[in-house]
Amino acid sequence: MKFRKVLIANRGEIALRIIRACRELGIGTVAVYSDADRAALHVLEADEAYRLGPAPAAESYLRGNLILDIAHKTKADAIHPGYGFLSENANFAEACEKARVKFIGPPSSAMRALGSKTSARQVADSVKMPRTPGSVKGLASLEEAHAVAAEIGYPVMLKAAAGGGGKGMRAVFFANELASAFAAAASEAERAFGSGEVYLEKLVERPRHIEIQVLADEHGNCVSLGERECSVQRRHQKVIEEAPSAIVDEDLRSRMGEAAARFAKSAGYTNAGTVEFLVDEAKNFYFLEMNTRLQVEHPVTELVTGLDLVHLQIHIAQGGKLPFKQEDIRLRGHAIECRIYAEDPENGFFPSPGKITRLLQPGGPGIREDSGIYEGWVVPMEYDPMLSKLVGYAQNRNVAIRRLLRALDEYVIGGIRSNLNLFRTILRDQDFQSARIDTGYLDRLLAAKTITQTSAPEREEIVAIAAALFESMKPVNGDPSNSPVNGRTSNWKQAARREALRA
Amino acid sequence: MKFRKVLIANRGEIALRIIRACRELGIGTVAVYSDADRAALHVLEADEAYRLGPAPAAESYLRGNLILDIAHKTKADAIHPGYGFLSENANFAEACEKARVKFIGPPSSAMRALGSKTSARQVADSVKMPRTPGSVKGLASLEEAHAVAAEIGYPVMLKAAAGGGGKGMRAVFFANELASAFAAAASEAERAFGSGEVYLEKLVERPRHIEIQVLADEHGNCVSLGERECSVQRRHQKVIEEAPSAIVDEDLRSRMGEAAARFAKSAGYTNAGTVEFLVDEAKNFYFLEMNTRLQVEHPVTELVTGLDLVHLQIHIAQGGKLPFKQEDIRLRGHAIECRIYAEDPENGFFPSPGKITRLLQPGGPGIREDSGIYEGWVVPMEYDPMLSKLVGYAQNRNVAIRRLLRALDEYVIGGIRSNLNLFRTILRDQDFQSARIDTGYLDRLLAAKTITQTSAPEREEIVAIAAALFESMKPVNGDPSNSPVNGRTSNWKQAARREALRA
Amino acid sequence: MMVQLEVNGELRRVELVPDELPGRLRAVLDGEKETEIQAHLLRPGVLSLHIAGKAYRCVLEEGPEGTVIHFAGTRIPYRIDDPRSLKSRRSRAGRHEGPKAVTAPMPGRVIRVLVNKGDEVQAHQGIVVIEAMKMQNELKSPKAGRVIELRVQPGGTVAAGEVLAVVD
Amino acid sequence: MMVQLEVNGELRRVELVPDELPGRLRAVLDGEKETEIQAHLLRPGVLSLHIAGKAYRCVLEEGPEGTVIHFAGTRIPYRIDDPRSLKSRRSRAGRHEGPKAVTAPMPGRVIRVLVNKGDEVQAHQGIVVIEAMKMQNELKSPKAGRVIELRVQPGGTVAAGEVLAVVD
């Protein structure tokens, strides 16, 4: 069945990216938006647009029933949830199934089986997928925690079963720390996810975060599209992602890919998904969790495989078979993604919403930017601070790094702060350039050096002159026509007036 | 030898594209510009910039001696000529050689051997490369013309030896037309190229224009990077280029590639070059000419090979060996380039220089745009009308077409006219979509249908309302603050003022 | 407020009735057709309209030939119908009689002038040849008649929209 | 013309002497250093400077915290040194004495107020917690002293650059 119309239940760059894919496939698009997003590009570019409510997500993008109502009203055949918001909400997926609106993602059953980390660990065992030693269900008591920890040996990691983003997580190095850590993790998990269930696993030292992209159709076919390395993280949040990983060879890639595909199939998984692993220094990989949706970082996989994952998601959701086999997948070149955030790395990474008063975006060969921003856009304070995903592709990792540094020099974001300088620092760092990275790499780097911009006296002299010239063009400082700066007058206007008088 | 600094002897998108490549390779850049280009992006983005002279090319971009002087003054190690201007000027290449400034391109000797079409045809014979039947030197007299034509049989084609862009070209179908055509072609060639030398070849009916990209290093290695099909032409000017060609299979590709590489090597060719062929309906290929420079359409080859041709040009000019062998070259996906021109297809393709008063550029996955324009840029009247190269890449030709159509809908160029609608027409045309194209295709299409935009009453109603709303925001039509349009006020300014009062 | 315009040559009357909510309004077209509208200006010249759930992007172009709105891949010219403007009066008077101008569609250099003042010319007869962007373009007479004005000579440069000659 | 400004906290005097050629000028910095300059504004806020052959891109940012120039990957704030402005006088008076404000680095919602008016606080002691973009951020006192003003209460929203409290 071919979709005539798809509702995009999301905002920002991913909503725009999905709208573009639908347009390319000849499918109509319905955007939804909160009051903070009336002027957003996804609202401008969609065929139809409907208001959800006030800015807070709970009153807008998380209102599943309202979104389903709009889908019915607009006769949309399907809903694409993007990432975040309702994308991993099994109840919403089930509501779509009941309402006969296709949810572009896995069935709610698979989402449930893999959504909780403890039950996902049980599935991993059932298909003999390596995972970190530890419990496969929630810890009933502190005593049980002590028992498990003693069995697997310290250091251990306490994690929230419903967890994500580092919340409800505690590393424990000695038995006498366990009690307080257990209490803290449980209450933090309770507050963050409404479930205090925590479990315990062996702490992997200096792990790399490496994940496998899988695609499964509804006819039992499943392929893996290679790995992404996401070891550059700040406080358990991904900052840079790349494909391929510098340490993954063909053999490891096929073993991880095979395990991930087997895992997904065993849970009846369909559509696009990502199986996350920790990889230790001996290149052993351990199952971490599965993300049952499209990932923020999917573009790096698209660039090295030459495929379009959103096109394929829609194809699969329409009931289509995967148009290729595992052996048809060939990786070529190297792609690196930088998550450009509205935050100030020079000032404690304070978030920085507000109006973008000046925007010069980079371009040129090998640069892909997925963003939903423009000069004049007011970045809302209610949502995550991602402004854009700047992706560099090149024949190899080294050139991709230099290409991104070139693009960062072209990039100007004014009016709000951004973390552009964070990426200058990382991409120039020796350890990053030689791929000596693990999930602790960035926090160590930031502890060692603060992100400050290099300033030099001659720079300040040029800036003083530039500032004076900008001021000379402002009417408040006298007659702008006396400014020595050239290029301020538009030459057609006079011509137009001349012509008007004559006509 | 690694270059420290490169002078880019060109303007527009190609100058910017070369500057970006140099920056990625850690090489300093020197831009040159005419008075019409002071505000051009290549002048803004280079490390150094020097004025050449007034707008006309003869007084600026064609002043080889001045450009060499600037190269010396700035201690540039090399000059990249781009395409057009001095790029195929053997005397300039030789002057660079004498001045010990590396010309990023072939040696002047190879340029001379291949520059003239007649001598190039002799080289083709020497390496047994198929070419169209006909003369291999200029026709001494009308008698000789009659003799050759009679020998190869009508219809025949008269061409200028120094020719290009369709000038000095005449198709002749009957002997009694030959005399006048001969005279006309010769005088036109004399006017256009300062040489009246014309030759005669068999006219290939409904040919496809298919060219092979070659790369040769200075150590005797030469590879071909597959073909580009450029059959969509208007009056012998390329309008759309794509890679791969829909009619070229592996066997034909390797035979054409092998012939092209052999041809280039035989003339001592180095760096990037393109061997152009005509391919008839039986898929026989005939040598047409060689372009001894980087081509406008090189991006489509970059997208399907995953290589960066400008990086490779610089690598070769530095004396580097080709970093891959022929068998390493793998084509993946399909790329199509549209040449966006400042011309009005709805009005006889009148050129349309002037100020770009509004610019919305497309983006998103699979879209690459090489351009040097921006909102406010005044497109000069002195140079060719190319504004931008809009390139779509996708897993196959069909998706690439739909992707370009999507991008065209996002694209707005205001203040001057552009040929965006020409591409909408072509990309939607059944014959183009099924790749039934030859060098006469577009002229036939344009004769059949004029490029007009579909208008509909409800559209005009919406536009009337939009126009009224735009007018309601103009002070001349009353107080803009009474306009019902939302989103005009910037919300930080008040805050800033508030703050200023307080501080 | 009431706005009178000429859209694609058609006279239009648009009444804009603001709603209390910002960006919401009613528009009455030609005194009859009424529509609920939501209008938001994203940045100068880029207007987002929502009408009955449908979303439209309208982009304003201001250039030498006047104002144009880019909408769904089409360029639709409009002109505010200002009684003071000679253009408007003339357009209402009907475009088809009276002297007509040969105007430059683009800036360029005058290469050749093909007629003299006072010449009788045919409709579509070449009047002036202008070069721009390495192309020569012959500008033709809009009607049959007599060349009553000739404002250019070879070698001169002209601006877009500039009147080169008048034929009556 | 003569322009007085504060660049990165440093006082600068720039004299601009136009040349007869458009876009060409001499700049005299702090009354001594003289340079030949070519200046061209590409579009609002984007200035191309040529100085002794070198090309520079200077981009102007105007925001709640004032004016900044983006240059070679760095943000360098400047302020025109206007004798009428309290700020300037204060900055000349030296930044290190007198009452200091706790200002919001970004717009957001006030989650908690950690002090009361009149409280003695240490330097870097938390004053207010603001939430924006799903993150809570504690704003700290710029100096040791007494809270002489407290302008916010929990639940309220604040604009970037807004003064939340003053410590003296």
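Should a chain be cited, it is by its letter among A, B, C and D, assigned in written order, with residues numbered from 1 in that chain.
By definition in this document, a residue touches a chain if its C-beta (ideal position, glycine included) is under 8 Å from a C-beta of that chain, and two chains touch if they have at least 3 such contacts.
None of the values given here were measured: they were computed from a predicted structure.
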| item | value |
| --- | --- |
| Chain separated most widely from chain A, comparing mean CA positions | C |
| Contact-richer chain pair (by C-beta pairs counted) among A-C and B-C | B-C |
| Intercentroid distance (Cα basis), chain D paired with chain B, Å | 46 |
| Centre-of-Cα separation between chain C and chain B, whole angstrom | 32 |
| Whole-Å gap separating chain A and chain B, where each centre is the average of the chain's CA atoms | 37 |
| Per-residue overlap in chain B, given as positions that touch at least 2 other chains | 38-39, 45, 354-355, 357, 376, 409, 415, 486-487, 491-492 |
| Where chain C touches two or more other chains at once, by residue number | 23, 40, 42, 46, 63-64, 160 |
| Touch list for chain A against partner chain D, complex | 342-344, 347-348, 350-355, 357-358, 360, 381-385, 408-409, 412, 414-416, 420-421, 424, 453-455, 459-473, 477-478, 482, 484-488 |
| Chain B partner contacts - residues on chain D that touch it in the complex | 23, 40, 42-43, 46, 48, 50, 53-55, 57, 63-64, 66, 85-87, 90, 101, 103, 159-163 |
| Residues of chain B defined as touching chain D within the complex | 31, 38-39, 43-50, 74, 374-377, 491-492, 495-496, 498-500, 502-503 |
| Parts of chain A lying in touch with chain B, wherever the complex brings them together | 16-17, 20-21, 23-26, 38-39, 45, 299, 302, 306-308, 310-311, 330, 332-333, 354-355, 357, 363-366, 368-370, 376, 378, 394-395, 399, 402-403, 406, 409-410, 415, 486-487, 490-492 |
| Residue ranges of chain D in contact with chain A within the complex | 1, 3, 5, 7-8, 10, 12, 14, 16-19, 22-25, 27, 29, 33, 35, 37, 39-42, 45-47, 49, 51, 56, 58-64, 67-76, 78, 80, 105-109, 132-135, 137, 160 |
